[in-house]
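Two complexes are shown next, each including chain A; its partner changes from chain B in the first to chain C in the second.
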Partner chain A sequence: MKNPVTAFIDKKLKKLDPLWQAENGVGGQRVRFHDKTGIAKYREWRGVHDTMVDYLAWLNNLKSMGLMVAMAPLPVLKGIWEYRWMGSYLGTFAFIDRLYQGYRGPELKIAHMHMHAIVQSLTKKIALVLSNDRRLGGGPLTDRMVPMDEVLPPLFMAGFPNLIPIPLQTLPEFIICDIDQQLEPFYIDVAESFGLAADVCSRCAAETGVTFNDDFPLIGKAFLSTNMPCNASEATSMFQRRRIDLPDFPVTLAMIHNEPGAHPYSTQMLRDAIKFIEEEYGEKYDWDALFARARHMNEQNTIELEKWDFFKTDYSPLSGISETLYRLYGWASVNGQEDYFTKVDRKVIKIMRRCYEKKYLPFGGKTRHRAFLWGPSAVYYTDFPTWTQNCWGITIVLNMDSTMGHNMISTTDPEQAIKDLAEFSEKGVMRHHAVGGWDNVNAVWDWAKRFNCDMVLMNDNVACKGMNGVHAMMEEQARELGFHFIFVEHDLEDCRTISRRDMRNCVNSYMSVVANEEPLDPTLVDFDDSEAW
Partner chain B sequence: MKDLRHLIYFENLLQEANNELVSQAVDEGKLALGYNCYYIPEVLLNLPGCFSSRLRAPRCQSADVATYYMTNRNCPYVRSILERAIEGGYNYLSALFGAEGCAAMERMEEHFFLLNPVKNDRFFVTIIDPPMKEDQTSLDYYKAQLKLKVVDAMHEKLGVDTSEEAMRQAVAEFNELCDIITEIGNFRKLPNPPITGYEFHVIQLVSQACPHYLILPYLRETLEEIRTREPEPKFPFRARIILAGSEIDDPDFTKLVESCGAMVVADRYCFGSFPSRERIEIAEGETAFEAIARHYLHWNQCARFMAGDKIDQRHTELKRLVDEFQADGVVYESMKFCEFWSYEKVLASHVLQNELGVPCCTIEKEYALGSVGQLRTRFQAFVESLEIKQIQAKEAGR
Partner chain C sequence: MKKKLCGILLKLALVLFGAFLATFTVYMFNLENKLIYYVIRPFLNKHYDSQKRDRRIV
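The block that comes next holds the complex of A and B.
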């Protein structure tokens, strides 16, 4: 029950709430921002309770960032001096604020629990990596670290408890591009200045630019690269291995991974990778150590599957970017290796159960469409799902990448465990459904039906040759099956080619012309945020 | 030089995928088996009763329908192939053996079963998942994929004899073809070759686009002719270059390069003879199938290989060709929208120029040779730069 005092204040101050303003035609979310930027004139008023929740979460994240600096003051300072990407982390707070605009009640609470899990993990990782980065002088753990490709799930490395797997591209590229849309174009330009074609995937072009610019931290004694998820990603590894100049082992898992013949090959490839690490680092693989972490991953995946049951209903306070970003980081980067994420999952599922019991309708019950987001998303517009929710009432129920490896890993039998890990790893980020054959892409309709979606938003990465190759087939399928279907063009990490505004216009055009609907918040329909982080 | 007797005939054969010899072979009851990529061993598609047909879309001027399906942001080669299929240009095929060599290729091959453009009741498609390394694990996977999706599919769906004896026969016939093409190609090593790069390109292409048993007699005759052919009194080109990179199946592209003054002395690209015309040697205790898989994985120089030894092989092999064919430089090309070769082009040009001392010019091309003005300017400038280097080298030697 609501506190009468806060209820009274909320009533008095309701005109400050952008949701109320939009509903009453006197403003909305965009009004509090300076034109062209992501800089807000004032914080969002969400009512007493939710504003406090939001502000305390802000303080909590500030604490984590402070701890990061306190843990490694000199390396962090050197890192800011050495690496262009370090400066972009200053945009983290603005990033979090824009992700959760319009969030209230349990959806806000869960979102911040999720985000803090990421922030506390990432800040520790930054401090750890910079403290042991050879470019910055190295540290005691430098040779115990194992740099590995960010899209190679690191869970199997838990069998080396004395080693620290570090997804190499995560800090300079994979995460930071979500925070600052202006960063990666610089690295893309660096890569193109060396002759790389401008039509390759911008994510991989950016990775190549980071490589050329010597902006990867130098850690470890050997490098694990991978063929995941796709062609350009494979190709960019060629440069990374040369520039990093460490012995490397490409963990090339099956591309067509939905066939029985694929798994024995991928299993053997993981065995080969383990052998490579044993030889390079002089460590013995410890299955019990793996089992301990696999139990965490299994629990997280068990909870994830329960969450999916709630996603199928109208009463899930978890959706959109809050769901996507946490699952992406928790699966791809943490991958069962941090207890904190299991604890967060346990808390979140309790909230979700309660919400379901109470038939709680999130986002003020204003959801008009339930959408499945398919295809790799534009990372320079992480808050796109928040915008679809606030502007048009389109809830992103689930994102393609959230369906990544959710099979259970054996925690007793090494033979079975490595087979399970192979299947688990084959279905990695941007890979489970984006590559490996038509059936994987075409699965979207089953997923959408299963989650009671009436709409599919198809992320149309203009440089993704694989997804471009099924363009018309997808459109024809959507027509045949009667889904609302919108291609949302984007250029993954290059906001100059297709801006956030252009992406919004893809949805605006469909919603106004085809669906003939009115926006929930007219201030969000068309605005310029080209200069924002 | 006197014109090669069969050159015009060969050129005419390249005007259609379903050319005169292909039609003849189909009429004789042979099974036409299509493929796009070196990962599919050509020799396997030439088992008794079958013949290989590496898919081309000659004279493709627009790929509008395929562009609708695959967008205009995708590889023009795959769009042209799909367009030609939709036009009915491959109705002679009994099967397409695809390889997930790249995403665009795989998607194009998928449209062969999604749209059913090939009007042939027997027609089917399989797509292998080719490995990206040459280690034992990758070789085992490659063998398993070829066995399941090529050999067993041919046997079970088309009734092809895939026995050891049949494979050894196919290898022997294939080796004869390779020997002829290699001998013809080796004339390009001479200071004043009795063959041009364009002529060789035509000969190499007909060997891939026509049934081997029907084209072999012509190739034998051509070899004999070249053995005694009088070259021009003086080497007619200003430089010798190697053409390297992604897919080129239009000999007019080689003609364009040569019209700018550079003879193409070696062809290291998809559809070229490096790799594709190396003899298959069956080692002691090895089955023919094992030898084929080992051979194709070893010689494959696709830009998708990720292991260090295979990446290095691409560059050392090119350097070997530069030395053996006395090339002055390399033109490295990539098809527009080709991810792999776009990356490899950047790396290779760096390695060639800065580490191996080989001049290199990189270009990007469309599938159909349309407006070539810019390319011509690039090639002319490259030839001039090679000439300047030759002059400087001579002066330095004095």
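The block that comes next holds the complex of A and C.
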């Protein structure tokens, strides 16, 4: 039941609502932005209730950032002064605004619950890392930290309760590219200035640039690297190894892991990694500590599987970037180690159950296509799913990255637990689908069918040598199976090669020429955001 | 005593209302992002561009 006062105000101010403007042909989402810079003249009016939800979420995130500075005022200031990537975090508020344009009701509520979980976790992590960074003077926990490659799921490290695993690349390179598209080109140029090939994966190039620019925080006594999914990544690992100059152990998990023979190899690899950490840090592995965190991961994965059942229907208020970003951060970076994420999951699933019972249609019932997003997404265009929804009514039901390891981990038997962890880790970010063999790449059609999708958006990272070879085969299969199919070209972390605008045009061309449809919001079809964060 | 309590509550309400007005104005007119984009980031970028780094491959 709507409050009569807010209903009256909403009626009076409805002309300020960009969704109303687009519906009535008098404006839309893009009207309130400055051209090129993407800086909004004013924030989105979503009606009294939803504007207050967004405002309170903004205040809540502001509080987390204030707490970060209060926890470690000097290290944070030193960090902003020392590291270029720290300056980019100042764009976080604009980033959140971009992600949730056009969100209303339960979609907005869940989106902000998810985002705040990420913000509160990330701000604590930044304060912790900077307070103990040797480049900034070090701290009491420096030697208890374990830097590890970010594509290695850190759950198995929960068996060392006195140590703090830190995915090394996440803060200075990966998450920050989501927030600021202008940052990584600088690091890519640093790498290429040494003659490193310009046609490798831009993520690897950017990591190499961060390494050469000495922009990785220096923490820990030993480093866990991994065989990342391509040759360029492995080269990057070598540069990081030399530059960071710590004893390291490469946790080389099986790539072609569908074959049963691969699991014992990966299991032994995890055992060896645990032994390496025991020796380097003088700690003993504690299985009970692992089981405690594995219970959280299992609960999160159980809830995730229930969410998937709702995703298969038209009544899920959780989709698009709200789903993807939370799952990616919650799985790859938190990985069962923070209670906060379990609590958020419990709350979110309750909202989803209620929405399903009420047959709630999200996004005002304007969804026209249900799409599965496959392939590694452009990190510099995180709000792309929001744009597809607002402009063309294409809901991203699920993203490839969200299908990462969802097997349960034994919480009673160490032997079984380590095997479960190996399988869980083999299905990590990119590892499973992008390089895990043809069957895993080609699984897109089964996933799309299971989730009742009529469309597949295939991310085409132009510098990914592994995926370039499958281009024509995927096109042929889409035709045979009758899916709407769009290749969305991008250059992962380099917005100069293929801009956000170019990416949008891939979809615009298909939707207008092939599907012969009209946009929901014409102001979003073509615009310039080349100077935006 | 009751009057004093009412006075304190009134002042508290006024302060909270003032804080709401101030923060809501910043929020609605996107003032923090404008400040960061047009003032703080250009200043920081200038600083980052002037940093000296030892980038030799070792």
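Structural remarks
The working rule: the second predicted complex is superposed on the first by the 533 of 533 C-alpha atoms of A that agree within 3 Å, B and C clash if a C-alpha of one lies under 4 Å from a C-alpha of the other, contacts with A are read in each partner's own complex, and residues count from 1 in each chain.
The rule is short, and it goes like this: contacts are C-beta pairs under 8 Å (C-beta built on N, C-alpha and C of every residue); 3 or more make two chains touch, one makes a residue touch a chain.
From a predicted model like this one, the values you see are computed outputs, not experimental measurements.
With both structures placed on the common chain, the touch criterion links A:254 to chain B but leaves chain C unconnected.
In the superposition on chain A, no contact is made by A:140 with either chain B or chain C.
Looking at the shared chain after the overlay, A:239 reaches both chain B and chain C.
Applying the stated contact rule after C-alpha superposition, one finds that A:469 touches chain B and leaves chain C untouched.
Once the two complexes are overlaid on the shared chain, A:91 sits against chain C while remaining clear of chain B.
Once the two complexes are laid over each other on the shared chain, residue contacts for A:80 go to chain C alone; chain B is not touched. A simple residue count on chain A separates chain B from chain C, and the partner touching more is B.
Legend: residue contacts after superposition of the two complexes on their common chain; A:4 is shown touching neither chain B nor chain C. In the superposition on chain A, A:230 makes contact with chain B only, while chain C stays out of contact range. In the superposition on chain A, A:58 makes contact with chain C only, while chain B stays out of contact range.
Chain A residues 194, 239, 242 lie at the interface with chain B in one structure and with chain C in the other. Residues of chain B touching chain A in their complex: 68-71, 73-75, 78, 100, 102-104, 106-108, 110-111, 114, 127, 129, 131-133, 135, 137-138, 140-141, 144-145, 148, 303-304, 306-308, 311, 334, 336-337, 339-340, 342-347, 349-350, 362, 364.
By the touch rule above, chain C contacts chain A in their complex via residues 23-24, 27-30, 32-34, 36-38, 40-41, 44-45, 47-48, 53-55, 57-58.
Chain A makes touch with chain B in their complex at residues 194-197, 199-201, 204, 208, 225, 227, 230-232, 234-239, 241-242, 248, 250, 252, 254-256, 259, 261-262, 265, 268-269, 272, 435, 437-438, 462-466, 468-473.
Those residues of chain A lying in contact with chain C across their complex are 37, 39-43, 55, 58-59, 80-81, 84, 87, 90-91, 93-94, 97, 190, 193-194, 212-214, 239, 242-243, 533.
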